[in-house]
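Beneath this line is the structure, given in structure tokens, with notes to follow.
Chain IDs A, B, C, D, E, F, G, H, I, J, K and L follow the sequence of writing; residue 1 opens each chain.
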Amino acid sequence: MKKILVIHGPNLNLLGEREPEVYGRVSMKTIDAALKKMAKANGVAVEIFQSNHEGEIVSKIGEAKRKFDAILINPAAYTHTSVAIRDAVAAVKLPTVEVHLSNIYAREAFRHESLVAPVATGQISGFGAASYELGLLALVKLL
Amino acid sequence: MKKILVIHGPNLNLLGEREPEVYGRVSMKTIDAALKKMAKANGVAVEIFQSNHEGEIVSKIGEAKRKFDAILINPAAYTHTSVAIRDAVAAVKLPTVEVHLSNIYAREAFRHESLVAPVATGQISGFGAASYELGLLALVKLL
Amino acid sequence: MKKILVIHGPNLNLLGEREPEVYGRVSMKTIDAALKKMAKANGVAVEIFQSNHEGEIVSKIGEAKRKFDAILINPAAYTHTSVAIRDAVAAVKLPTVEVHLSNIYAREAFRHESLVAPVATGQISGFGAASYELGLLALVKLL
Amino acid sequence: MKKILVIHGPNLNLLGEREPEVYGRVSMKTIDAALKKMAKANGVAVEIFQSNHEGEIVSKIGEAKRKFDAILINPAAYTHTSVAIRDAVAAVKLPTVEVHLSNIYAREAFRHESLVAPVATGQISGFGAASYELGLLALVKLL
Amino acid sequence: MKKILVIHGPNLNLLGEREPEVYGRVSMKTIDAALKKMAKANGVAVEIFQSNHEGEIVSKIGEAKRKFDAILINPAAYTHTSVAIRDAVAAVKLPTVEVHLSNIYAREAFRHESLVAPVATGQISGFGAASYELGLLALVKLL
Amino acid sequence: MKKILVIHGPNLNLLGEREPEVYGRVSMKTIDAALKKMAKANGVAVEIFQSNHEGEIVSKIGEAKRKFDAILINPAAYTHTSVAIRDAVAAVKLPTVEVHLSNIYAREAFRHESLVAPVATGQISGFGAASYELGLLALVKLL
Amino acid sequence: MKKILVIHGPNLNLLGEREPEVYGRVSMKTIDAALKKMAKANGVAVEIFQSNHEGEIVSKIGEAKRKFDAILINPAAYTHTSVAIRDAVAAVKLPTVEVHLSNIYAREAFRHESLVAPVATGQISGFGAASYELGLLALVKLL
Amino acid sequence: MKKILVIHGPNLNLLGEREPEVYGRVSMKTIDAALKKMAKANGVAVEIFQSNHEGEIVSKIGEAKRKFDAILINPAAYTHTSVAIRDAVAAVKLPTVEVHLSNIYAREAFRHESLVAPVATGQISGFGAASYELGLLALVKLL
Amino acid sequence: MKKILVIHGPNLNLLGEREPEVYGRVSMKTIDAALKKMAKANGVAVEIFQSNHEGEIVSKIGEAKRKFDAILINPAAYTHTSVAIRDAVAAVKLPTVEVHLSNIYAREAFRHESLVAPVATGQISGFGAASYELGLLALVKLL
Amino acid sequence: MKKILVIHGPNLNLLGEREPEVYGRVSMKTIDAALKKMAKANGVAVEIFQSNHEGEIVSKIGEAKRKFDAILINPAAYTHTSVAIRDAVAAVKLPTVEVHLSNIYAREAFRHESLVAPVATGQISGFGAASYELGLLALVKLL
Amino acid sequence: MKKILVIHGPNLNLLGEREPEVYGRVSMKTIDAALKKMAKANGVAVEIFQSNHEGEIVSKIGEAKRKFDAILINPAAYTHTSVAIRDAVAAVKLPTVEVHLSNIYAREAFRHESLVAPVATGQISGFGAASYELGLLALVKLL
Amino acid sequence: MKKILVIHGPNLNLLGEREPEVYGRVSMKTIDAALKKMAKANGVAVEIFQSNHEGEIVSKIGEAKRKFDAILINPAAYTHTSVAIRDAVAAVKLPTVEVHLSNIYAREAFRHESLVAPVATGQISGFGAASYELGLLALVKLL
């Protein structure tokens, strides 16, 4: 059974309460439950990880090489500032899908550039919680 | 039954033959067949339109307001240069998903900016022909 | 009798319905009627043309040299992207007034630059439908 | 009777003699006479003010709130450098039309940006002395 | 009794020894003592936290929503690079004052931009240890 | 007794009426009264000066060298455009605190850069009328 | 016999009359006659096509793959704005020579960048009508 | 006898005391005396004017057309911000020499650009008080 | 005996497996062994530390002041994004050599700028594992 | 008989061996022989000069005014950095054709700008050794 | 007797014939004669040197340290491109005056920046041949 | 025996006297002696060359292909301006190490970019004369 690592970046633990007009009212737990259900239905396994620490995310991706077949990541704020996460994604060479809840291109200019996107397989942005589900489907198709 | 307008931008008629290392070997016809099949399975109707003319795409979107419930568009080269298509999308205010076959963020710098993205609902980029299918699914969820 | 060519650029056919908080609720037809009436009152003739196609607008301007004495143009989205329309205006060397319904300087940064303005006689922006009427008056004064 | 404040910015007292190939040969006095005549014909009153001092123009606009119904301003050189005039226009919230004798978009790059335009109602540029008259008409329509 | 969370960012544990010509000779302990004394005098409680870890600061702010009434933060080096701290501040929506020991506008260009400032209530910069005290007073006034 | 010169820049005479959603509803007179009271309580004298003229502010600062011990200035719009005020502040070498009612970093990009800040002692921004009071306290501490 | 597609971009139908100080007094017809004569002399066939429509040029290039051995193109105004024509040239992978009548590097800055040049074989600019003839010779050598 | 208008810009009244490490210890009076003496020796008359007001300098230049044969100006801080002074210099079309005490190219980047220089006859920068004397000599040669 | 702190930044734990075409096939362990051997031969001690956490690296450098005589650091991805590490290096004022395995100037543009280099003693880049050894030799010479 | 000066810029003496994937395998000698042959056939004389020294090329062009009727130059690396060669070309005012072996617009960004092109008659780029021959033909047509 | 080295940069040997509308009709010889005469009158010696070679100018300046008391240099085209001449001027630390015949600030943008100016004592630009004479006078005053 | 070409760029002949606070007090001769001694100890031969002429350095590198096995170069001022030296290094394809005495990243912004670095093997900067020795060791390791 293929294993997919799901990574939630910084502040996503606050989902549902945090600026709901931007990020919606769905909590991280609800998203995780939906992903697990969808994974089961598609015959893949998911492990879910949330961290506010750039270094922990880097380490988690670095260890993923031998343990997982693909990565689904919402790098959140680190999308725009972390060369370290980019380098980790490039290092492990796993199929990687970058997702965003909000349409990052309809927000502040500094959110328009993703340092991760050029080394990811693809990017899905703007569909709220559904961005994760579409990302998981994309990985299922890729695997 | 909800109706979705699918728009293929310039040069997509060449798909399959055109730079297959970038765009893959799947032809536009194959994509269209897959979309129709998926639409049927999801209980929505699709109408598919390809044009190399910015003006025709603008007109098509302008007319969509009364005829369609949503738009799935790959603006191709016009993604980066057409304020007119952006304005048309903004004018009709239909749910609109922008898709790209290739990961536009892993290519030349001038392909990193989409004029359409800020007025679209969301963007899906980098999954080859599957980008269209994920986009259709996203619209099904939105409708 | 002096003849003035009036050109409406892309998406102006949607006027009245399209983002009325930006463009107002007056339709293109109403504007056209007002222009014709004002033309009559001032002893000039107007011919009105709308197109979503950059190429058609270029051709129309190219043909204007022998048929018209002046041009009143709202290049809309092409204001900011069309070197071809700029070149056409420069080629025919007719008095040309550029008009905009909205105040383009109070909108997104990419709408602040007009490629047409440097080769036009003058520019009028921000008065809604009245921009066209002021533009026609400006041409009457110039002719 | 509606009252309109007309403001001429720096160096406009030199009009007629100053670079006539750019600004024309009409003097400020001639423009003022034409504006007064046109105001009378349209049933509005105008008060005309010229100053080379940014601070005086700021004060004049600040006092306009209670005394005038609209402002017609050619900020001349201060168009491109005065945040203070912009702030004054924004503060009084009167309908304000910005006019320019020359087509500022056909001149040096530093003249292409107006700090005042984004807070004005609209802008008219490039028609010589007629820019003022069109501006007055625009205000008459707005009032 | 209102509770204020005081956050010292990276390298502030070195205060007093670190480049004293820039940051002064007052240690973090001395600042903390002064803040506690001032808090007492003003009838508010302070909790003080120092971390070199961006992730820990993000987590601390995220948890502040329910435990504190306001935040006083010197993001130090993260001022200029952390979208994650900015997002955390925006997420919890508490009154937040950003302080800096040195006048960041009199230093290297990369220190002139604060990613946090646009989502903070206000910023105080350049008064050495007194910046913290003024910041605390500002919060007392705001609460 | 130490003497502090308080300078209000352009348009601050309109305070209370001017864009209250940005600048608050407190008038300049109320601020002045509060500053005088606070000065008295802290054993310092204040002289207060408002001008819309860059040149008058430059002259006032130039004369301050012998008459005052410190300057509290809200350069308002001139913050972003006046090299002359910057040079005057640098010339007199008095402790100088720059204050702003609004959080200038949460507004238009052109308000993010202060030409005065690099030569001031420090800057306080975003606390409404309280910015002045905190600035006065900062000077009291510095003197 | 090798076949070469010659494409004239927008406004070139006006050649001879259009800004003769920039583009010369030779008409498109005269150029076409010269090209045909030279083609004959060199044993190649030419088909000549002019359009003001970006989309028509894109389509023409897209169809060229099977019908022609090389392309000689003066993209005119679209040189600087058309990613679609660039993508079409890249898609068909035929030897392609880009020509310009005027020296585009001696004109406005926005004419210095060609979006087509990086995917063309080479570029010839500045020799008036002779640019076309040199371009045809270049293709004859390449074929 | 030829008459030369000498203009000292803002803060030059502070010369001798103001940042002597940058501007030297010579006062404006000493410079003026030297200029008068040199003028006499060269058979020309000088009138000297200092102002901290941009508007006064603009007016003085505007009036110079009929009263003077040339202008010697140190625009000081207004060098870098005043389009109005530039326009005044361009308007009067008198031989104009711009001088600076310090070498403006060895200072902050924002002092490297002079808005006045492109419309002046020439510029002399970096020789302290001698810059004025060399400037006067240059005008004597030009007249 | 002089003590040198060796710091490996993020993702360097993956060395040998990670993009070997860029970083080579030598593992971190092999580099560490070589450094220890070379240290011994040169009569200095080395302590080696790897972390993916910016904060841990900042803390380690902050503590180095009293424990070490010099620092040899490969900040890896944090080279380009960490003001905090830069500030830590500047704070401890130890001789510090920055090394890179790959030639960062032959890679993506965002890798050309090091935030650490301006406060380091020197930089060595492009010699693979030998960059560390040359860096250690440089420190031996400096101590 | 018309005389043409042919100038080869720096490193062109290495042609044939130097990066043949970029510059081809034809040596400078072979190109020279072809040019001489073609010159003879067209009734013009050529003198050929190669130098790695910017100054020698400047001198050669400076002397060309009286000795030659036209210049054919491949400025190679100096294309992008030499204002001196540009000034020399502008000074002698001879018809000058700039040629490049490779398509400079398909290479690194710093090779896209030619300082010489704006003062040359025209430019030919991307046809390998044939660029020189086309350039000679262009000059033959111009003379 | 003080000795001054006069350096003429590239293309100045062409003076008088070269673009006389920009550089005037005075030849280098005439300028040299005037400088020698003026030197004599002021009791200083001049040695004059012209070169088109950046390296020769660098060497000449490098040798000047022991032989001359000051340098008068017109770096011409190398003004804008030569870090080597800048470094040479900085290395010898002699009083150095940079002169230009034309007003470089009224010409192309790339001529507005001088790499030499920041390390020179001062700059004189725009007075034709008189720029040299004023420069010599400036050095006489400085010595 | 492997042969290494050592190249000293412009102004390095002045070493020891030239700005010793930047470049140190060691002369070029001392460096050369140290390099020769170290070469001997490592069983390689060095030939040392200094020139102020870009063209001579280009020629020397061009000739190195057959005579040397590697290049050690301090391009000095030409580091930042010479595409010709870059092209020469790229052309000969020898292992090439770029060295700098000073830490170029701690100096003026224009010294931060090296045109040579992207085509060199590696770069060593900031260790004074030791930069050369480390560079020689790096080449010994590479050969």
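Criterion: contacts are C-beta pairs under 8 Å (C-beta built on N, C-alpha and C of every residue); 3 or more make two chains touch, one makes a residue touch a chain.
What you are looking at is a predicted structure, and each value in this text was computed from that prediction instead of being measured.
More than half overlap in residue numbers between the two sides of the subunit I-subunit L interface, or less? Answer same or different.
Both copies, subunit I as well as subunit L, present the same residues to each other, with over half of the numbers appearing on both sides.
After a C-alpha superposition of subunit E on subunit H, what does the rotation angle come to, in degrees rounded to the nearest 5?
Rotation angle between the two copies comes out at 120 degrees.
For subunit B and subunit E, what's the span in angstrom between their mean Cα positions?
47
For subunit F versus subunit J, what separation do you get between their C-alpha means, in angstrom?
62
CA centre of subunit B versus CA centre of subunit F: separation in Å?
Inter-chain centre distance comes to 54 Å.
Quick check on subunit L: which residues sit in contact with 2+ other chains?
Those would be 53-56, 81.
Hey, which chains are touching each other here?
Chains touch in the following pairs: A-B, A-E, A-I, B-C, B-G, C-D, C-G, D-F, D-H, E-F, E-I, F-H, G-J, H-K, I-L, J-K, J-L, K-L.
With touch defined as at the start, can you tell me which subunit B residues reach subunit A in the complex?
It comes out as residues 103, 105-106, 112-114, 117-127, 130-131, 133-134, 137-138, 141-142.
Which residues of subunit I touch subunit E once you look at their complex with the stated criterion?
So the residues of subunit I in touch with subunit E come to 53-56, 58-59, 62, 65, 81-84, 86-88, 90-92, 115.
In their complex, what parts of subunit K are in touch with subunit J?
9-11, 13-14, 17-19, 51-56, 76-78, 80-81, 110-111
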